[in-house]
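Two complexes are shown next, each including chain A; its partner changes from chain B in the first to chain C in the second.
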Partner chain A sequence: MKAFGITLIIVLISGSIAGWTAPAGSDIAVVVSRDVPIDDLSFSELRKILLGDRQYWSSNLRVTLLIRAPAAREREVILRNVLEMTEAQYRQYWIGKVFRAESSSAPKSIATNEMAFSLLNSIPGSIAFVDASQVPKDLKVVRLGGLLPGAKGYPLN
Partner chain B sequence: MTIRRRLLLSFLLILVLFAVNLVIFYWSNQKRQTSVEALRRAISRQILISGVNQNLNDIQKQVTLLSEITTETPAGGDAAGVAQFKAQLEKVENQIGELQSLSEPETRKNIEAFADAYRKLSASWRIFYENFGINQTKAITELAVRAEPLTQEVLQTRLPQLQADENARVDSASVNFYQVARLTNRITLMIFAISAAVAVGVAVIVSEQLTRGLTRLKVGAALIGSGDFGHRIELTGNDELTELAKAFNEMSAKLYRARHELTLANEQERMKSEQLETVVDQLRKAQDQLVVQQKLASLGSLTAGIAHEIKNPLNFVTNFSEVSAGLVDELRNSIKEQNERIDPKDRQYIEDILRDLHQNVSKIQEHGKRADGIVRNMLMHSRGHGGERQMTNLNPLVSEYVKLAYHGMRAQNTNFNVAIQEDLDSTLEPVKVVVHDISRVFLNIANNACYAAYEKKKRLGDGFSPTISVSTRNLSSAVEIRIKDNGDGIPESIRPRLFEPFFTTKPTGSGTGLGLSMSYEIIVQQHNGAIRVESEIGQYAEFVIMLPKPNSKAT
Partner chain C sequence: MKSLIIAATLLFVPAHPLSAQQQRTTQTETIETLLARIERLERRVAELEGSKVQAQPATQRTEQTQVPAEALHPEVAQSASEGPSLKMAGFSDFNFSGSDQKGTKSGFTEGQFVLHLNSNLTQKVSFMGELSLTARTDAGGGMPPVTGFNAEVERSIIRFEHNDYLKVSFGRYHTPINYWNTAFHHGQWLQTTVSRPEMVQFGGRFIPVHFVGGLVEGAVGAAGLNFNYNFGVGNGRGSVISRGGDAGDINNSRAWLVNMFIKPDKLYGLQVGGSAYRDKISTGGRDFGEWISSAHVVWNRETPEVIAEFANVRHENLTTASPVSNSQAYYVQTGYRLPVFDKRFKPYYRFEYIHIPRSDFLFQSPVVPNLAGSVAGLRYDLTSFAALKFEYRNQRRDPGQPRINSGFVQTSFTF
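Entry: the complex of A and B
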């Protein structure tokens, strides 16, 4: 419990150690690993994934949520546009969810988009949110409400 | 079976029952301990699994929340954090090891699978933790690709399965514990009840047998003690009570024989005593007869002498009184012839003198004859009796002489009257007697009876009916003649003197006192019979004569 408490404190203060942030103005693309059998997500499905309410893509493919560390623009856009939560609310939400054992995994905090790209290639069923302008061509970008980043009305901006 | 063996077997049976109860008690205790131990182990495993679950959840939460952190430093900030994390993992591993040691064979496979999955998870978590902050990509990849599926497998599949198994095992152990408790309690109570019932049954049977035997012995001893030596105590079997009953029976038989012998001896003694009494009685009678005979002999001699001496002068008296009476008659006739020559006055005077003289001579003659009769009786008494014996039926003889006595009395006194009742045995056998003498006996006794009855009649008047009863009986060795009157009876005080010569209760001049004396001589001495008197004062007097039959031994 002591170690867990220390870990919790670390998690709470980690928000102040923000990493690199995406430049303002570009869309945030929803990128998934190649094995994810989905090309298009609705906004509500995205919200469920972000809230941990949907944990499987298919019966044997888990959702691994990769989110940039606090203070990153991608994270900020997601929290604001999709979840309509502050950073503290989002942290509180996941701590509660983990402690209530409603989810066996939590969003993995990643420091850089490169790290996200690397993990997308190595973790089956992973999903990440990165600046659309930095997405490599070999990665699978999922439509959001039928829209790709850059399209008019794309919600993650 | 002997009582000792019976009691020993009963004791052994109770010991066996006690041992069975002890065995059942220890078996029950063992079963309960086993069930408690199984329950304790199941609960321990359950607690361990809960502990493992708790610790795994803690680690999982720790790892999950840690995965949200982005840092460039190792987890926990230093090596101490890593060591602490590993210690947590080892702690869980130890718990799983303990769980394995407590596991039952049937659950060991699941626990092994769980332990194997945990080892993989633990290795994955170690990799995550060791790379966290150092090689964040590797750490997250390890976590997402291996640790989280393993976590899901361990926490959501393996561990719930183990928990479910152990919950079921705890429930089963609990149910088993209560079942064992119920079963052992029931068996213990049942064995105790059976033991108690068997012990009570054995006690009742043994005590019943003992009580029955002792009661029979008690009753038998009481009967034997009360003199019933023929009683036998009936006991079957071969125990001590039966032996005791046999001893009692033998004792009873011996007592019976001893009493029988004693009774025989007593009977012999009694017979000897009776014989002695008879002999003594006979001796006494002989002595009495001897005394009487001596007395009578003396009296006979005396009276014979006296009678002889009196007889001659008395003859003179009677003869000369007869002659004098004749002379008086001749004188009177002579005077009648000389009647004219005698002065009438003188003639009258002479006739008066002659009449008085004739009366005097008649009195002298009368009393002389009476005296002569007495003297003749005395001489007859002294001379004894004689005559030829002949077979005689006594029924007509006694009847005749009783009636003769009656008519004799009635001839002297016309007022005299008695009723004669006869009860004569028609089967009376003839006996050999001197008829003349026996007739005198009957006449004497009948005379006395008539006299006594008439005296009572004179005293009581018409309210009394004088009666004489005559009866005969044919006995086995003798004939019996009874002559009874209903006069005043004979006082006890004078009965011993009845048969003495000259003893009489009649007024002077009415009896000589020789009748019963002669009768006694005739019956007892002459005919070897017996004569006795039975009487009740104021009621009756009865003379009983016994005369022996010819072929019987003289009494």
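Entry: the complex of A and C
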């Protein structure tokens, strides 16, 4: 009976702690394919890219947006911190954008970060947003307003 | 033992009032934990696959790593294949309406069935088309006319893109001299309300809704102002002024237009712009000069949403001496996405006004009737791709005439 009581307390304490603490996530890195001639983006430039208002890095290099599929933390951070949109608003925005012929295609939905890394290596001009702790060293991480992931004030976390 | 039970009870009690919130948090954490676990497993699979690939000869490795990318990204595969890939989407809606206007009947109506086609011919050349099927009481042949559907090519545009600053296109457009006309097109689901403002009503005459010709467009940063432009030349209105010059212009005078707007970085969600449109209209054996100037201010963040537009249409009779006329129309629409119920509800209100002076020979009532009216409603987003809208309208055509009250229910969606 005593053991049962102790177990009950441990379960309740651990349950309470789990209920009160929020999971900490690392920063979201902005990663581009090697051929993208940019090392630093301003926050407003990043927003324009995500809104499809900027579609070219240069005349010969088109932006290809790779966004994690719904429910991924990377996508949630981008929608909340950069676009200030809900998932539904984001979907409606891009359906409207393509319907208005302002963009010939919507962003590519990527199921995993590994898939994003693979596509960054194979699609010229591609840009993806992934957990900074998972970015392989051979990929190009872009500064955001002069800051790299992990720096104080980095806006994607 | 007693003290243990009391301690356990004390631990449990403070948690109880927060149980709903805690449950939600716990669910979110569980989902996040599972997603993290899936990712870990996927990483592990990728590592294992990677080690398998490294063990193979270099030539085979190249083939293996290229295949998934092509499979995941059709354009990559497309560049090496035989033809363009066509994507199709659609919009439609169903309505129920009732009105106290004499002679009208309440009932259900089918909205337009709209198909949207999109195809990337190369990285820089794309085509888009929009086809509509519209239910009409007189679309079928025979006497008396029977109901049916009218098919129409609403938009058909081929675009060549040099970069963000310069894009050239040819085709049939929704004339870009008005915000609503180019923001929502025939997708009723995209717009907040059941109806379009009357100044841009399909089949209406106040503004030429369609334009056949060529457009040059682009956008420049302009120190954070994000300046966008359209220059267009094409066939203007047809001899029936609600129609565009699809089968050729009706005179040797092309219509032209300029449309400019800014979207400042510092005021995310704001769009301010204006347009000018010039055409020569030939109808009923007379020629008229038409000059349209318009302006719009839009705040599209939904908390609130504000769309305000104004247009002045100036007509000058070029055949006989008569006074120049100026007809005006404007509307102001506001909406607000409520923060409750998962942000699914959006109440809205619109006031609209059209004034046609008696001197405007082309627009004289009943061609373009005067209007002073309000629209109030509620949009409920059933899902991310379907909405239910309830709308009340109160309109008066001319001073002294009775006001007309109408009610509408619409379900609109994309597929």
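Couple of notes before you dig in:
The rule is simple: the second predicted complex is superposed on the first by the 133 of 157 C-alpha atoms of A that agree within 3 Å, B and C clash if a C-alpha of one lies under 4 Å from a C-alpha of the other, contacts with A are read in each partner's own complex, and residues count from 1 in each chain.
Here, a residue touches a chain if its C-beta (ideal position, glycine included) is under 8 Å from a C-beta of that chain, and two chains touch if they have at least 3 such contacts.
Note that the structure is a prediction, hence the values are computed from the model and not measured.
In the superposed model, A:104 lies in contact with both chain B and chain C. Look at A:95: by the touch rule set out above, it reaches both chain B and chain C. Ranking chain B and chain C by residues of chain A touched puts C first.
Residue contacts after overlaying the shared chain place A:69 against chain B, while chain C stays out of touching range. In the superposed model, A:33 lies in contact with neither chain B nor chain C. In the superposition on chain A, A:48 contacts chain C only, with no contact to chain B.
By the touch criterion defined above, A:123 lies against chain B and chain C together after alignment on the C-alpha atoms of chain A.
The contact surfaces that chain B and chain C form on chain A in the two complexes overlap at residues 1-2, 6, 8, 19, 62, 64, 91, 95, 98-99, 101, 104-105, 108, 110, 115, 118-119, 122-123. Looking at the complex, you find that chain C touches chain A at residues 1, 4-5, 7-8, 11-12, 15, 18, 22, 25-26, 29, 31-32, 35, 39, 42-43, 46, 65-66, 68-70, 72-73, 75-76, 87, 89, 91, 116, 118, 120, 123-124, 126, 128, 130, 155, 157, 159, 161-164, 182-185, 187, 190, 219, 224, 226, 263, 265, 268, 301-302, 343, 381, 384-385, 414. Note for the complex: chain A touches chain B at residues 1-4, 6-8, 10-11, 14, 17, 19, 62, 64, 66, 69, 91, 94-95, 98-99, 101, 103-111, 115, 118-119, 122-124, 126. Across the complex, chain A meets chain C through its residues 1-2, 5-6, 8-9, 12-13, 15-16, 18-19, 22-23, 44, 47-48, 53-56, 58-59, 62, 64, 71-73, 84, 86-89, 91-92, 95-96, 98-101, 104-105, 108, 110, 112-115, 118-119, 121-123, 134. Within the complex, the chain B residues that touch chain A are 57-58, 60-62, 64-72, 75-77, 81, 84-85, 88, 136-137, 140-141, 143-145, 148-149, 151-152, 155-156.
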